[in-house]
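So, here come the structures, one by one.
Below, chain A partners chain B and then partners chain C, in two separate complexes.
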Partner chain A sequence: MTNHAPAIEIHNLVCRYGHTDAVDGLNLRVAAGRCYGLFGRNGAGKTTTIKCLLNLIRPTSGETRVFGLDPVRDEVAVKSRVAYVPDLVAFYPWMTVEDTLGYFASFRRHWNTATEISLVKQFRLDPRQKTSHLSKGQRTQLALICAICPEPELLVLDEPTSGLDPIVRREFIQTVIGAYQDEDPGRRTVLVSTHLISEFEGLIDEFTIIDRGRNVLTLDADTARERYQKVHARFASDPGPLDLPGTRILCQRGREIEVIVNGNSAQVMEQLRARSPEALAIEALTLEEIFVSTLQPQEAGA
Partner chain B sequence: MLFQLNFKSGKAVYLQLVDQVKLAAAAGTLQAGEALPAIRPLAEELRVNRNTVAKAYAELESQGVIETIVGKGCFVRTNSSPFKKDVRRRLLAESIDEAVVHAHHLQIDRGEFLRLGEDRFDAFEQKRARASHV
Partner chain C sequence: MTRTAVLSPVLSKEIRALLPFWGASVAAIAAALVWRESHLLDLGFFAYVVGSLAIGAQSVGQEYTYRTLPMLLSQPADRRRVYLLKFLVSAVMLLTLAALAGTVFADVWRQESARFSVAIWPVLCGLFLAPLFTMICRSSLAGMILSACVPALIWMVTLAIAWFWFGIETDRAANIILGRWTLGMILLCPLLGLLGWRRFTELEATEVASPALHLPRWLSSADGARGYSPLRALAAKEVHLQQLTFGVAGLYIIGWAISLLGQRYIPSWSTFPLGVVMLLYCMGLAIMIGALASAEERQHGTLDWQLLQPTPAWQQWMVKVGVALGLALLFGVGLPILLNQVTPLEGFRTIRMSGDLTVLIVLLTASSVYISSLSSSGVWAMAWSLPVGIGVALFIQTVSGALRWVTLKLAGPLMADIVTGAVAPSSADPADVIIFAARAFSLTLAPLLLWFGFVNHTSSERTVRPIFQQIASIAVLIMTGIILVGGVLAFCEVRSR
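For the complex of A and B:
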């Protein structure tokens, strides 16, 4: 895996719309075979970054490489190895599901028909239905089939599950894990941009949080959950102001205090234990909570 | 479902799987020779990355808990740690040390600690006995 070029490499990407810096010096490196999360609020620059990778828009400056290739100069070589599910899926309305699949397949050198048949059946899509008559969920399912059948090395998902019902969302994620990732996992890379982080929690092995077009935090998911933990303590009486360096106090009300630690849980637990609390508990933050706590403005006095 | 993952435990997800397979094997929920679920259906069911399941299985194999038979899958082994006796004792001593420290802070003395150890051994033996009668 190490002798492969990384699936994605972005250096100092800047993308400006008029006076707005949608992406402002972003760096990203996604190794082959990983499932990588791009987390950010609305307008953080996720979609713009993805569009630069796919050469759908030209960046103002910076360098983008997909499999070590330039998506502008080697557009065909890159696109033949990539598939993309956008957040808003549009098909030709006069085509049926069957026509659409055939149409997408005609652009691809390779198309796994067995996967197509099994997924159409699994999603209970009617091949003769016109795409204009499909629900939003069905359109996303069709887009996912179109993206998986060519067995691309890189699957790019931009807010794929927003606006879908929970059952369709579950099926979507299971399909990415199963039908897509199962074959040749060392070379099947997923880049998923989302703010519905909890759904992808188990799938993601590395992530970057971006805000205002810049990297805020890049971490391995297991490391992140180990490092960011929430400590809750209750004392017999009001402990007064506590000096806990390297933590963020979430709330302190009377006898109770809740803080977020960042890699210093042992030390903080020790400090709190020394004050003989009535109760002391610690739990990891989920990726979603890490996201919120990273981007939330620091409370005054914390 | 056999496995329960908790993203709030702070423990790496693959290690949670490793521990749960080891617990199930010790408690007899998984018997020696029994097959573990294949990677893909288990990953789909738990909705985790298949690499996570693969990593857990690789770890279990290196610890001698399971074995992979090519083309057939992963199976629970009869007790066969790849380590020598003194290494095994040392590894266990590390865990016991943690429990001793824990006991100290919970004001559990030596006698009570040892009795509790006996009880826990009995509990696991009973679980195994029940599992093998089903």
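For the complex of A and C:
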């Protein structure tokens, strides 16, 4: 039964800290085999949502399911299929890298030692070094190895690339997460919460933007790129105020205008062509631009 | 990368996390066993109690200390099994400690009926109460302190009830209640264990602030400090770091109020060893305040950016030390004196509220601040303070022994007794000389400890060499102090001849 269940299902999740609503009626559905992005500003409720999914925090109300299972009632069954890299990575200071890997391996039935050796080598970690002597980036690398080696069905990453240098970050995203998913594409799911949206651009299949604990936008990445586009037009003379319904004008300076369209590009292009522009171009927005334009329309338009 | 360990990594991790606390307690008890001097036995027993509570608190508290709770709870392991393993490891350690303590302190606990109770209650508190309080407060140190204070208060209340309801005399009631109380605790343990187990199965890995004492806004709030100088903001922050001190002082006031009522209405209450309780409170509070000062900031992860604020590090340290010493003197000396002035309690007659207590509190706070500057958390600093104290006492004894041996060879047995303070010089009150010398020595040692504490606090370097140099400097100062006191006493004797 659980084989066909979505990897993650969240219905009306509410999580309150005192008077603060960290998550306020969030809904989410992540199909198995997808790489799903959870985007939001600081304090939007991303980490709280993830912690509710893993039974690290009890939600005030709402329902969460991982592979159709209740993370509270079926805690071990859920966690056997999940690996998690928290936003603040910490290890026991007396353990070496090797001890730490052994420690986390002991919780798992399956552990890919070949992957472990290869990643330790790739990240240039010294197995005999104590974790207390590792840099922040190295600790994140170690946490990632601990998460990847059990080859879980669901990999939950909370700001996984913070602290990594650009080379390691790119290497990690492309060769580690990408390769991890490619090995069993229909089965392995990744849920990634990050600010560095551009780094994950090519990897994300679907995403949700949350703000103040609520869904603002949920879209398939390809659909989002088709829907959210930037149109740039240059006219022979100042076109004056333009009436372009369903768009947001990014900037209008003299003869040039730049607007963002949301699913109505054909209509807008038609309207602009009617004014005989000297140049007219259209390009898809990146996920980061979609994120910014969704959450900061005023500032983006300024 | 082979995985050929004798113990499972999970089990060895639990053992490794608690081993330093167990080791420190065993070392303290063993030292007391070897030297068998009354003050060392007292310190050894105190170390046994603190060690037991620290082991209990750290069994779960280590995950807070090292911030590993999210990683641990996200592993596919049944939480009940994880807690059971923690429980079993701490149980083995606590029972071995209790067995050792039972052997060593058997002579001290004269009343045979009380031996089992006295030996077993730290185990029960460490095993069942400390983890529960640690999870409630999300702090090992708070769990450790509360698991000591709460049963002590309950015991006093039970004692009062025994007299009021059943009219049993206090000393007799104490014996009866100690036995019944132990029995009650043993019966209550499954319930407490169940509560702890339940708490762990529902434990949340959250950074939300734990239940805290709310200090007056003008004293504690960052908003309130905005309009003031950075030093005032620093002082407010330091006071907030020390909020556990306020809690312990509050519990002391409650205990004192119960004693006051007991003294007023129960004729035999005066036999209750209030002086000892007060001394334990003063010393324990001084150690706790020092332990909190530096290590807790390190544990919170705020030390580095705090030091990078545009206020000189020495000023920050002065504020820290000033608040620590101020609170230690206020609550460790001022509060007992004030309460005793308001209504004197019988048991306090045995304790001299003099400058000696003040010097002792200053020295203990400074020592604890120094240990705190080397520790990763308050509970570490607290647990290591007593074994270190015993180590220092043994060192003083050894140096005195060496001084005596040298003087014996050079000037005969009488002068050897005089330089070690065993025999008074012919003219001069040796007590005055020793007290003066001890005060002068303490007042020299305290600044040195605080200076080394400052060096450690502002440096993230934790290599053996500088710590060894510091310890060697402290040892040299102690030796010099002992030799100087001996010299003064010898001089008094020579002059009188």
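Some notes on this structure:
Following the convention adopted for this analysis, the second predicted complex is superposed on the first by the 288 of 302 C-alpha atoms of A that agree within 3 Å, B and C clash if a C-alpha of one lies under 4 Å from a C-alpha of the other, contacts with A are read in each partner's own complex, and residues count from 1 in each chain.
By definition in this document, a residue touches a chain if its C-beta (ideal position, glycine included) is under 8 Å from a C-beta of that chain, and two chains touch if they have at least 3 such contacts.
None of these values were measured; they are calculated from a predicted model.
Note on chain A: of its two partners chain C and chain B, the one contacting more of its residues is C.
Shared-chain residue A:Gly202: touches chain B; no touch with chain C. Of the two partner chains, chain B is the only one touched by A:Glu226; chain C is not.
Once chain A of one complex is fitted onto chain A of the other, the partner contacts of A:Ala90 are limited to chain C, with no touch recorded for chain B. Once the two complexes are overlaid on the shared chain, A:Arg58 sits against chain C while remaining clear of chain B.
In the superposition on chain A, A:Asp70 makes contact with neither chain B nor chain C. When the shared chain is aligned, no partner comes close enough to touch A:Glu258: not chain B, not chain C. Applying the stated contact rule after C-alpha superposition, one finds that A:Pro185 touches chain B and leaves chain C untouched.
Common to the chain B-facing and chain C-facing surfaces of chain A is no residue whatsoever.
Per the touch definition, chain C reaches chain A in the complex via residues 1, 3, 5, 8-10, 13, 16-17, 62, 66-68, 70-71, 73-79, 202, 204-206, 208, 376.
Against chain A, in their complex, chain B makes its touches with residues 5, 7-14, 39-41, 43-44, 46-52, 54. Listing the residues of chain A that touch chain B in their complex gives 33, 35, 170, 173-174, 177-178, 181-182, 185, 201-205, 221-222, 225-226, 229, 282-287.
Taken in their complex, chain A has these residues touching chain C: 17-18, 51, 54-58, 75-76, 78-84, 86, 88-95, 98-99, 101-108, 113, 116-117, 120, 127, 143.
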